[in-house]
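Note that the chains are named A, B, C and D in the order they appear, and that numbering of residues resets to 1 at the start of each chain.
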């Protein structure tokens, strides 16, 4: 049994150490690299299991390391971090399998999988971050770890995409850093604590607190792709499919959304945030983002680009949940952190499969893919319906709670936003499903890499989306089950509101 | 005389005035005791009776050690830039005779200055300067090697000063004294040894520096 | 009794003598000396950590008559850093220089090393002058080692500017002795009172040193000299020589002048530092050549160090200690990072036959270890986590907000963005079409060299120390500073 | 006293003349000479400080400093001259 003051650190190291070894591996050491990847992923899964138990029992689980006088690196587990850690760990496992199937024949594999592991290390680190300093450290580390993945292909447009990505994220990083040090100069060490930790500054420094909030929001909004800071996301599409999957479902955008939740609930405290009038601003920004993203998605023919804009819109549900005062909406936002992750990663896996198997990159090329690749398309359908919010899919649960919360908080216009966005989701997903299932396939596909055998495509590519699709279904159908994401979300909401 | 020059002149004038005032204030008004009396009182403990030599080779021997290192750095740097430049034509008879007379004299007086440095003005640097001058004269009068030994030996000569200094310091440290601490019993002789080594090194270095390059002995 | 302080100076001197006398054996002698010297420096560090400040009266005369060496937490930490970096540079130099240059490199290099140690331990204002000259002459000679016209011109200018600096400094020393009657730093600090003497002596001594520390706008000599020198020398110049000059400024500032000249000069130094951050980063961003980029980034990094001065002057004691620790951490990080960057640059230059950033892609991609070293060094230069520079900047930013001097923070943030611009402009080259073996891609005409593993190790190690070790393990620095003389 | 001040002032003036000519002239050789003039100025000041009237022996410390300074200056000048000589002469 691992002592509680080691466990969080161990969870971080479980992907860091394999990553470092992978860097040293020769390109050809395929087996060893796979073993390292999987070992790391499974070890992390096991450790997270222990962590969940501990947190459920309400034990204090924390690793602390002093960087400088008064500056501590703190990794600690509360209900919220456990939710995010579990999500990233599970999805990392799946994505690793997928990536192995997807990339094993392209160059620079050691570099890719090395940074891949660093990327999840950073994500888990900021999920477990116990104070703002730690969060900032891992937030920047995430930028550094993902940049090589976006640039990986080395083509001119991937170089361009990576440059844009870096410009946005480093810029945001500076904003976040500014807000963080400013806040520290006012409040001392900023430890995340449920219900917030600034209550005693309220009334004294209100003005500064508001400015700081927007600095932090600016920094986090970049990764969360809030309007107008979303510009990098569609550009980053040039990355290989597993990377896009990870960026969109787990790592980058989620880091932003998760950070916003942290700031609202565990730094400012929802009450203070409300009284400073910050929540309403956030609500407006997120609503605009939701609508804008969906509208842009409508007009995209590139499948990954359409999914990218749908991410812009979907991730904002999370922040929207945080921006509405009241536990119900909180539940909706927090649970969407998980649901959007599972559904979106499914969609990207499928998009990758179409591209890898048939060379299909555009929506207009998708006629009849359902017949050629039924399983993949089935998974895609599940993800799409979930995004639209069709009952009993996971997405429906999130939107239901968001809507309920909005109604309870008396901000009815949010309901309109939800309805509108759902209609838009339907408008840009149904045509795809229709083409895929009901139109006739073309005589020959753009470029068919993998011919149909016993399976419609390589196994390593097929299983991950199927698995995540089933997870998405389960999350919706068994929402009421004891350890479902919804249950955790409710636990979190109870603790945040001290109910 | 551009505007820039005028501006420069003005600034320098102001600085000069300030400096002059501060100097006057420090010398005439403050007039602190400074180290003279303390130094003069303790000259007898230094092993030599010439105060300046006592300061150079004992009180502040560390400065002198590093100063010899500076000389060494300079000549090594000069050598690293390439081979020496070709010398001058052989001298005419008169100059030849003159050289033959002066160089021995210079060497002799160098030796004298070295010895006298212990109790009267003089010492390693003055002596070394004379040796260097002898080298320069030889070079001017057509000796391409300025009377210096072949490179292998020359290398040994130019490092001699630092070597003697450091060796003495380390040996005495090993013997239980502090670094650069010369026990009175042996101080006189240690200092004389160091000074002799330094004289040779300085002389050789100055002469070699005049060759403006490494004397590899390759002549066309 | 063993005088470790003196040994750190004497050993390299002795090694230099031997290397100069026996040129054929110079690499072996050099490496052995390097190891011994580093050991001595490390023991100095350990002794300070345990026994607090060290001081030794050379010749046993005691100040003011004699000369003393002293080491406290500040100088001790820098001494250890300098020796570790110098050791890495030596290991690199073993494989770098062709036999022709070796016999010239080692004795001068050891003299430079000795001068560095002597400066970090110096406690006597005139002795500092002598040591500075030793440093300057050895540095200029090493910088001109390649013998190219540009290199000689740049280093001749460097030598002359250095002399201007030390002459100015020396006049300051003369004035100080005239007024105070002592050359020992501590005694001078005790008897120095506010007034014209303090101002003039301070202006002359600090002014001279600032020229050597390349504080904007006195940096003009640095980029050509550092960019033209052979890679190991550039690394030493940028990482150590400039640092030594900066350390002297800091030492004289906190021990001697800050207490008696008021806040004005501190603010001036900070403002010039800000100028250096902006201008240096900008020029680095515009540089076509890798080594020039690295040299200009040194100008910027020196600027960062001076940003601390106004805050140091304004802060009360506990805060002051915290800031001083951050300043020290930044200096150490930059020492390792810049050395790593220049050594990597040297390898790329050897491999590609040039250092034009735009065309370095293939070379970088065929040397992944070097690419990594540059990446890590870059992270440390920008000040991204987990580098030591990040922690240092975090503290600097927090304090400047806490003291309502947010404009200094603004400079740091802008500088950070500019730094990431020039660093990632370089690193972007690491991604591109897969690298086949060097020469093939590089085209026939340029001469390329095979780069062994051993020579890549020092660059990578130093970059790692800067980007990770100093970030996560810096806390002991403050305990070390706790043993600083008041 | 007067002697001392006179020497000190001469030293300061020499130093400033050196600075002037270092900054005002481009040729490296002239800059080098300027530096040596500055050095001479500083040494003057030090010698002046050492003076304690004709009846008392002068302060040996500044004398020693001057000797050291001279040797250092000579070394630097020698290296600078050699480097200058290795340059093609278009720049001075």
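One rule holds for everything that comes next: a contact is a pair of C-beta atoms (placed from the backbone, for glycine too) under 8 Å apart; a residue touches a chain by one contact, two chains touch by 3 or more.
In this text, all values refer to a predicted model and were calculated from it rather than measured experimentally.
Counting C-beta pairs in contact, the chain pair with the highest total is B-C.
Central chain (C-alpha centroid nearest the global protein C-alpha centroid): C. Inter-chain spacing, taken between the CA centroids of subunit B and subunit C, is 30 Å.
As a whole-number value, the distance joining the C-alpha centres of subunit C and subunit D reads 29 Å. The distance from the centre of subunit B to the centre of subunit D, each centre being the mean of the chain's C-alpha atoms, comes to 16 Å. Inter-chain spacing, taken between the CA centroids of subunit A and subunit B, is 73 Å. Across the assembly, subunit C contributes 126, 130, 133, 137, 140-141, 144, 147, 152, 171, 175, 177-178 as residues in contact with two or more other chains.
Those residues of subunit D in touch with two or more other chains are numbered 8, 19, 45, 49, 61, 65, 68, 72, 75-76, 79, 83, 86.
Residue positions of subunit A in touch with at least two other chains are not found. Interchain contacts give a graph that is no line, ring or star and is not complete, per the touch definition above.
Touching chain pairs in this entry, ordered by label, are A-C, B-C, B-D, C-D.
Of all residues in subunit C, those touching subunit D in their complex are 126, 129-130, 133, 136-137, 140-141, 144, 147, 149, 152-153, 155-157, 159-160, 163-164, 167, 170-171, 174-175, 177-178, 183. Put simply, subunit C touches subunit A in their complex at residues 322, 325-326, 329, 368, 372, 379, 384-386, 390-391, 394-395, 397-399, 401-402, 409, 413, 416-417, 420, 424, 428, 430-434, 471-472, 474-475, 477-478. Across the complex, subunit D is touched by residues 5, 8-9, 12, 15-16, 19-20, 23-24, 27-28, 34-36, 39-40, 51-52, 54-56, 59-60, 63-64, 67, 70-71, 73-75, 77-78, 81-82, 85, 123, 125, 202, 206, 209, 212-213 of subunit B.
Remark: subunit B residues 18-19, 21-23, 25-27, 30, 32-35, 38-39, 42, 58-63, 65-67, 69-70, 72-74, 76-82, 155-156, 158-159, 162-163, 166-167, 169-170, 173, 176-182 touch subunit C in the complex.
Residues of subunit D touching subunit C in their complex: 8, 15, 18-19, 22, 28, 31-32, 35, 38-39, 41-42, 45-46, 49, 61-62, 65, 68-69, 72, 75-76, 79-80, 83-84, 86-88, 91.
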